[in-house]
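Order of writing sets the labels: A, B and C. Residues in every chain begin at 1.
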Amino acid sequence: MAEYVIIGNGTAAVGCIEGIRSIDSEGAITVISSEEHHVYSRPLISYLLEGKTDLERMKYRPADFYEKNKVNVVYGKAAKIDTKKQVAVLEGKGKFGYDKLCMCTGSSPFVPPFEGLDKVKAKYSFMTLDDALALEKALTDKSRVLIVGAGLIGLKCAEGIAERVGSITVCDLADRVLSSILDAECAAYMQKELESHGVSFMLGDTAVKFDKNKAYMKSGSEVEFDILVLAVGVRAETELAKQAGCDANRGIIIDTKMQTTSANIYAAGDCAEGYDSSIGANRVLAILPNAYMQGRCAGINMAGGSSEMTDSIPMNSIGFFGLHCATAGAYPEDGEIYEERTDKGIKRLYFKDSKLAGYMLIGDVNRAGIYTSLVREKTVLDEEETEKVKKMPSLAIFSNDKRKTKLGGVV
Amino acid sequence: MIDHFIYPEFEVVRNDNRCIQCRVCERQCANEVHSFDPDRGIMLSDETKCVNCQRCVSLCPTRALKIVKSDCRLRENANWADDTIKEVYKQANSGGVLLSSMGNPKPLPVYWDKILINASQVTNPPIDPLREPMETKVFLGKKPEKIKRNEDGELVTETSPQLELSMPVMFSAMSYGSISYNAHASLARAATELGICYNTGEGGLHEDFYVYGPNTVVQVASGRFGVHKDYLEAAAAIEIKMGQGAKPGIGGHLPGAKIVGDVSKTRMIPEGSDAISPAPHHDIYSIEDLRQLVFSLKEATEYKKPVIVKVAAVHNIAAIASGIARSGADIIAIDGFRGGTGAAPTRIRDNVGIPIELALASVDQRLRDEGIRNNVSLVVGGSVRSAADVVKAVALGADAVYVATAALLAMGCHLCRTCQSGKCNWGIATQRPELVKRLNPDIGSRRLVNLMDAWRHEIKELMGGMGINSIESLRGNRLMLRGVGLTDKELEILGISHAGE
Amino acid sequence: MKRVFVNEEWCLGCHLCEYNCAYANSGLSDMVKALKGKDIFPRIHIEESEGITYAVSCRHCKDPLCVKSCIAGAISIEDGTVKIDKTKCVGCLTCVLVCPYGAVAAGPEGAAQKCELCLANSCGSPACVKGCPNNAIVYEER
């Protein structure tokens, strides 16, 4: 009977378990979880603070998930992987032999070495359920909150606590919000929405020094706060893998079958650097759908099946206060950019080499998945089809035969 | 000159308490009666365009619509009826011949409704069709006069070619062009499933429908559209169309605008050319000429297929039928003055021809009197509306009936009688692709089969009541009929007694 | 498993399916009460282009992207039917982002919704199929 060890207990781990079980219903699966929680949806922590979900509902899989899948969950931290003996060693909790092992270690917050940070008492990260619960305890309706970082994590945190605190200031060195996924104009649009809900911004500016409840900004201004949230960025957790002989750049390097450079070790999720078809190179795609799919792909391969992922692309669906934003793919500036602006949002499509390379939608995200599929599948569009695509995402873009197969068959 | 205003015939009544503004009515009306005013947020109706086809009424999901006859009337006048005056206005506006569709709607006598059917009591027991076998099958064609034996004394069983029908009903001629591809597909599929026949009309046979050949009657009409060897060979029978009940004495005219794509190909005429069927066959001026065509067609198909000659019911129909029976035709089809059409001059439709009931009775009698009844089978059409009409027709002497209007109704027709516009909202009398697709032949054929199944059951019930277990025993059995409210002359022509006699 | 299929050859673009869907999922027993004066959120929608019309609803894919992508684990497959647990959904619309058919959309309260074949509502079998005037939408095994 095969033995599988999965390090980590997040989305990629669930994917891995389900991948293994789709092939091998008997093998022993051990999950080593550093967080003492049933697997939960990490991106839901902001919704938890917002009151849109609760601890029970935010479980990523039902309570009987481990039992049903015959998974042995061990709460603890893996100290080392002995690749020769094929054993995962836990800090003080013994060893687990494996035939195949999967790194699902995710990422952890990156905290720059701010001067005086150690003297700030109420400082929080916003990555884990424990982070969120700790932050929640500290919140009062008078709290002045400073969030360092205007990326997805910082802004979701701001949305989550907006109704529960006195004031929120978000600062970021970048000159715009969500700089990793939006251009200046789209970012400004989203920023306006956040501002209309009481979030204030200091962009192109960041804290350089802290003194208890005060932040000294690069621009020279000072911000007083009661609670500091550090959401500057994340780093893939690669240490353990490196130790086990896996090559890593920003993330653990994997091939399209999720295999690392070390024998019998796979990696999936935010810790891994897999193939991004939108740029044709390896990159960490720290998004949940990718984590699940990589995990599942790894699991299938670990159990002796065959699976490959060659069409991963960056994509995001994110909303603040009901204003939605969907993005996918790449945004080449040297192709055709189609743009539509209404009072309800923005639509921007990036075409290159007769293909839809990427898009940004703000406001109306209906049927965005049709655009995503064109990006993912690199569908070649003739002139007429390009015009159709611009008008709206529609299956009309496909030839009659293709559409008939899609709608008239089992897919 | 500005047209004289004629107040719309119908009013669209929209119950605003029920209307959910789904705009299905708007999308489904090819006449563009309904529209939505986004400024006021209300649905509007332009009644001048409404033909009362009831498509919107049928599809409205909340039953918020009805179409009513407008009560805006001209001053009452028993001589100058409202419609009569408006027809004068229309002609003064346009200078044109008035066109209409479907059958004669005038309140002329319907003899079917003045004839009643007998039932058995006490001495001649009725038959329960659920318990006893009942035969509705008929064979159309020339029947032998007497039993023949060969030199060895064995029965000679060879007969003239026969058309076998599982029940005494056929779908009558409607051309591809006047009705849609999907309507034809529905008829062809239903006829095949039912074991009866449908009729191509004079528009030729679309290549897709050759597979239904064994249940197809192909027509040879004065325009000869679509007639070629394969066409004749594909069919179960060939019909020479001399006349049509809705417009006896005149030909047909399908405008070039409708001769597009497959219609043009099937008719074997160039796209955009008018399809003109002359009033006469230019090669037929006598029974002898007709005989030539009958035998030309028989020769072309090796005497394997019965030939039908179809005529409109007109004044000397008995003599005409007698001539046809001597022409070599196997079947005579007679079309009464209520028969439908895709387009006919209104005056012709409403004023020319005679009722089929009288024509049938006189023809059957005449052929018997002349001893040539077995030379031919008789098929009658021109508003056979129900199983009761079928039974009455058979008892008056018909071998089978032709139905078309009832078939159209089954497919969705609501008898708005504006086929000539080509904008049939039910996808029947149109060639516009977006309208044609509204008739899914899966549904059309199913409904036709349902209708005929229902009629078959009713025919058996009526036969059983009379104590008759085979439709053949009913044919010409006029003792089974009685008239009500008919004059002596009418009774004499119909060959039936008055009720109570 | 029986699925909803669309034969675009017969689709009239009348949009009745959208209204029948919204009504079936309204929980009300009167269509007028359910839909009059309201924005509707049908789980099937008509697409139109150049004289072609067809209805699109969830394909209940065998290997659905929405299930894999849901950040809340709210979408699952039950007996072949892809279902959204509305109590778990937080309305992030990642499913909308990934569905290649455009068959998932935000409902009136923000949570994502899609065709669940009317199996759980009072209709019992797909209302779009029952109400299609031209049999363009069918519910069958293929």
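By definition in this document, a residue touches a chain if its C-beta (ideal position, glycine included) is under 8 Å from a C-beta of that chain, and two chains touch if they have at least 3 such contacts.
Computed from a prediction, not measured in an experiment: that's the story for all the values here.
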Viewed as a graph of touching chains, is the assembly arranged as a line, ring, star, complete set, or other?
-> line
With respect to inter-chain C-beta contacts, which pair, B-C or A-C, contains the greater number?
-> A-C
So how far apart, in whole Å, are chain A and chain B when each is placed at the average of its C-alpha atoms?
-> 70
The distance between the C-alpha centres of chain B and chain C, rounded to whole Å, is 43
Distance from the mean Cα position of chain C to that of chain A, given in whole angstrom | 28
Touching residues on chain C, where the partner in the complex is chain B | 9-10, 12-16, 18-20, 23, 31-32, 35-37, 51, 131, 133-136
Which part of chain A faces chain C closely enough to touch in the complex?
-> 14-15, 41, 43-44, 47, 52-53, 57-61, 288-289, 292-293, 296, 315-319, 322, 324, 326, 328, 365-370, 372-373, 388, 393-396, 400, 403-404, 406-411
Where on chain C does chain A make contact in their complex?
-> 3, 5-8, 47-50, 52, 54, 56, 59, 61-62, 65, 68-69, 71-73, 87-88, 90-102, 104-106, 110, 142
So, in the complex, the side of chain B touching chain C is made of residues 17-24, 27-28, 58-59, 61-62, 433-434, 437-440, 442-443
